[in-house]
Amino acid sequence: MRWIVLKKHIDYDGSQISSLWGYMAADLQEDSIIAFRGSCDVQIRHMIDLEDRKEGDSIYSTDMLHFVIEHFDSTDLKLIYARQRLFTAMVAETLLQRGIKTSRVGDDLFVQGKKLSISIASTSAVSQKIHFGMNVEHAVYGCLSDQGVPEQDMFSLMEEISSRYVEEIHDIEKDLRKSRPLGVM
Amino acid sequence: MRWIVLKKHIDYDGSQISSLWGYMAADLQEDSIIAFRGSCDVQIRHMIDLEDRKEGDSIYSTDMLHFVIEHFDSTDLKLIYARQRLFTAMVAETLLQRGIKTSRVGDDLFVQGKKLSISIASTSAVSQKIHFGMNVEHAVYGCLSDQGVPEQDMFSLMEEISSRYVEEIHDIEKDLRKSRPLGVM
Amino acid sequence: MRWIVLKKHIDYDGSQISSLWGYMAADLQEDSIIAFRGSCDVQIRHMIDLEDRKEGDSIYSTDMLHFVIEHFDSTDLKLIYARQRLFTAMVAETLLQRGIKTSRVGDDLFVQGKKLSISIASTSAVSQKIHFGMNVEHAVYGCLSDQGVPEQDMFSLMEEISSRYVEEIHDIEKDLRKSRPLGVM
Amino acid sequence: MRWIVLKKHIDYDGSQISSLWGYMAADLQEDSIIAFRGSCDVQIRHMIDLEDRKEGDSIYSTDMLHFVIEHFDSTDLKLIYARQRLFTAMVAETLLQRGIKTSRVGDDLFVQGKKLSISIASTSAVSQKIHFGMNVEHAVYGCLSDQGVPEQDMFSLMEEISSRYVEEIHDIEKDLRKSRPLGVM
Amino acid sequence: MRWIVLKKHIDYDGSQISSLWGYMAADLQEDSIIAFRGSCDVQIRHMIDLEDRKEGDSIYSTDMLHFVIEHFDSTDLKLIYARQRLFTAMVAETLLQRGIKTSRVGDDLFVQGKKLSISIASTSAVSQKIHFGMNVEHAVYGCLSDQGVPEQDMFSLMEEISSRYVEEIHDIEKDLRKSRPLGVM
Amino acid sequence: MRWIVLKKHIDYDGSQISSLWGYMAADLQEDSIIAFRGSCDVQIRHMIDLEDRKEGDSIYSTDMLHFVIEHFDSTDLKLIYARQRLFTAMVAETLLQRGIKTSRVGDDLFVQGKKLSISIASTSAVSQKIHFGMNVEHAVYGCLSDQGVPEQDMFSLMEEISSRYVEEIHDIEKDLRKSRPLGVM
């Protein structure tokens, strides 16, 4: 698995959650996490969460850190959702190390009672993906600027979160290769 | 999925990680998390982690909070390991809410640089399981007493952690039932 | 898993077999069986069975009891087809208890040599579904009215069949949580 | 898939539920259903159902028709249990055609309120199996003799049930090869 | 599994890689390999390999032997790719027996340093497929004519390759039905 | 995935086919192919192939090149058997490049009509493995020495075969990360 933080801004419109976007955008032929910064405005046809569609929710933010994760090793929905929750908890851990205390509710992070992030996970016939976005600036919702993350740290924050996820996955892959099967009563 | 906190002490000897222990011990016919308190002394024949076997590690503690999780919905190693990491992160979140700051490295929690917990996960042909144990008292390693968790809170801590895991799993099961499949580039 | 019998008539046009219809129509975030009454006229673009498409079969009935089953726990075709056959056999058992003797051939029920029902099963990347429809009235094919099921019993028949399927699935989930793995020769 | 009815009596002691028994006993290298007649006395070490073990149930009958099914196409517990229920329903359908009315509760058949059959299903790492046994004679429980099945029909009854199951599986395999994937809302 | 060699020419435009083409074209309700002869001109909307799309590669040949394989027993990408490589190796083995020495690089065959074949594999929610095409005539690339395969042998070559693949799959299915599970250290 | 050729001789007694042998013997926590040279004398309790057990076949050779492959990414029997066939074909390709023409029948290689190799594949609850052994010297069966492979080339032959398999698997993993899902008729 590989991580990349893109230098150029990309506006997240939901097309990036499509399977194989990493291959088209960055020639990646590995499982990957790609981070980038940009606005967020998900088009209806790219909305994965039917709750958003149903309620006509607009998912809009002018400035976010985005993380797009793609795994080709499984198409099991349970697995990608467990990974999504784990990723969300890891983001919280990383922020805590920088002194920002958040609370996690499922795949959402809250800071001082305000929603800081959005996330979705799903699968196609060939891969499974997660999108996770965190506000950099926001008038209403929680955002990293308000929490004192300086502008010049945004890039390194994306690097830290991305590399940490890859490390976690590698660590799991190593651990499961030294465990015996369970006994049975 | 159901959670139970056992009132009686049980000494964890590794047999509890066997598939179907929950059915034999508590008549459970659901996915479950069973918490209990007791010593920890894993017998060599119940050691799942070959690293421990190889290095002749003794896994010993006189007083621990134990969590034994069993899922019958999959026998995929990747899934049970993702769930194990997520559970470990959740324990850290719960402790943090009580003012105890830990750091997570894979499936281990550390407190003030000292190892607080042990964990293993694996699968049989019929179910997948996690064991997670956390020292209550320990002369050398990290432990909850040293962190100021009063004796009378141990039971409620087990309840909080167990119920939270069940809630997380239920939340996942609900979320995956409103997500469309991914588009493809 | 949950069952619902809808009070309002719904005309089955094949769109109801789509994944996540239950969430859109009834906010369900569980595996489910939704029963309702209405005509049946499957549009070509919703035809799952290519045999029907190929032969230009019209699937038409003015009045049917419909059952739409959705499971998110697997996308295995073999499983949803085994469940479809089991469901069909259960409908036959239920009718027999009301004195109506049918014969089952795969996923079809016949009464006095006439086809009483239609059914299809398939999977998407996120869920697996079954549609099963049974004629209430029909000039040519078998139907419940001709078998003496009174108009006022149609609703309770849908309730009985739906609840029975849920019970069967729950019973299976319980049984598989007390079975040891097989030995090997 | 192939079916065989053995001419010689075999006493079912539970070893026949082991994976690969069909290969050792009859050189079968296909999915199979093997039927035979004989007593039933399951040894504790071959008991798959922990409920029986726990309650010290003896599973004993002097004369039974046995059906041992093995599939190598999956090790999914949900699938083998769905197949077990379907098989049980099929046995009931077959008996009904001979005028014997039973009622099915999960994997049990009852005749005039008395238990007629026993069954278990499980999986190993290589195959999944079902055992289903039905009393020919029994002083206490339901049995085929009491229902008027003549001695000379026992063999043909085994043939009919076995061949019907193979036909059902083949029919499923054919049906799933003409179904389009589901659309999505 | 069944093999068919079509007598009529079919021009491969990529639509034949779609799931269920075998059912629509030849009423097949089994896993299958269908061989035929014809030109090759893959339309952009049927291009499975994004590398071709990206690079605007035209996949064009006036005369090829085509093999279209469909399996419904799994939707695992790893499996269909292993099968694709195995098939490619088998084609090389068959050509070698006719005195034509090729070298295989992944899913490509080369003859005297020139590319002889094209191939792709993928999965949908219901089946997995392989397309493999080999030039009969070609001005630039390698082709069978240049290797001395006479015109009248093309049909029998398709028969030989197709039947051999079916035999290989059947042999695998038999072998896995006599193997015990692995022991564990 | 990693490959290793062991310098020391190891006598293959069948214990090496056990899951996790690579971890115990060489601290490997990756999918792996481990090659070594030594005699072959499989103990009855390590025999995976029931045909050998049944026929009391001794699997004996004084000097062989052994390849032990372990994958933790799946426990699907069909996949490990497809990989076994592919590996066998690759060995044949490698030998051919050295001028040794063999014929492959399933998982066996023959040279001048004499059996050159043995192989088995299976799965446990945690991993899937292949053993492939090829005679260096043999009085009765085919062997590499008789085919003119000089003693000093045995090690490099093991390196070539092992590295090629790893390369093939990596190539597959890359290819499946640029393929779109199939369309459907």
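Letters A, B, C, D, E and F name the chains as they come in the text, with residue numbers starting at 1 for each one.
The working rule: a residue touches a chain if its C-beta (ideal position, glycine included) is under 8 Å from a C-beta of that chain, and two chains touch if they have at least 3 such contacts.
All values reported here derive from a predicted model rather than from experimental measurement.
Of the two interfaces, B-C and B-F, the higher number of touching C-beta pairs belongs to B-C.
Here the C-alpha atoms of chain E line up with those of chain F after a rotation of 180°, rounded in steps of 5. If you average the CA atoms of chain C and of chain D, the two centres end up 25 Å from each other. Mean C-alpha positions place chain B and chain D at a centre distance of 38 Å. For chain F, the set of residues that touch two or more other chains comprises 19-20, 23-24, 50, 72-73, 75, 77, 122-127, 175-176, 178-182, 184-185. Contact residues on chain E toward chain C in their complex (touch as defined above): 20, 23-24, 72, 75, 125-126, 180-181. By the touch criterion given at the top, residues 19-20, 23, 28-31, 72-73, 124-127, 173-182 of chain E touch chain D in their complex. Across the complex, chain B is touched by residues 50, 54, 75, 77, 122-125, 184-185 of chain D. Across the complex, chain C meets chain D through its residues 15, 17-21, 23-24, 46-51, 73-74, 76-79, 81-83, 85-86, 89-90, 92-93, 96, 101, 103-104, 106-107, 120-129, 168, 171-172, 175-176, 178-185.
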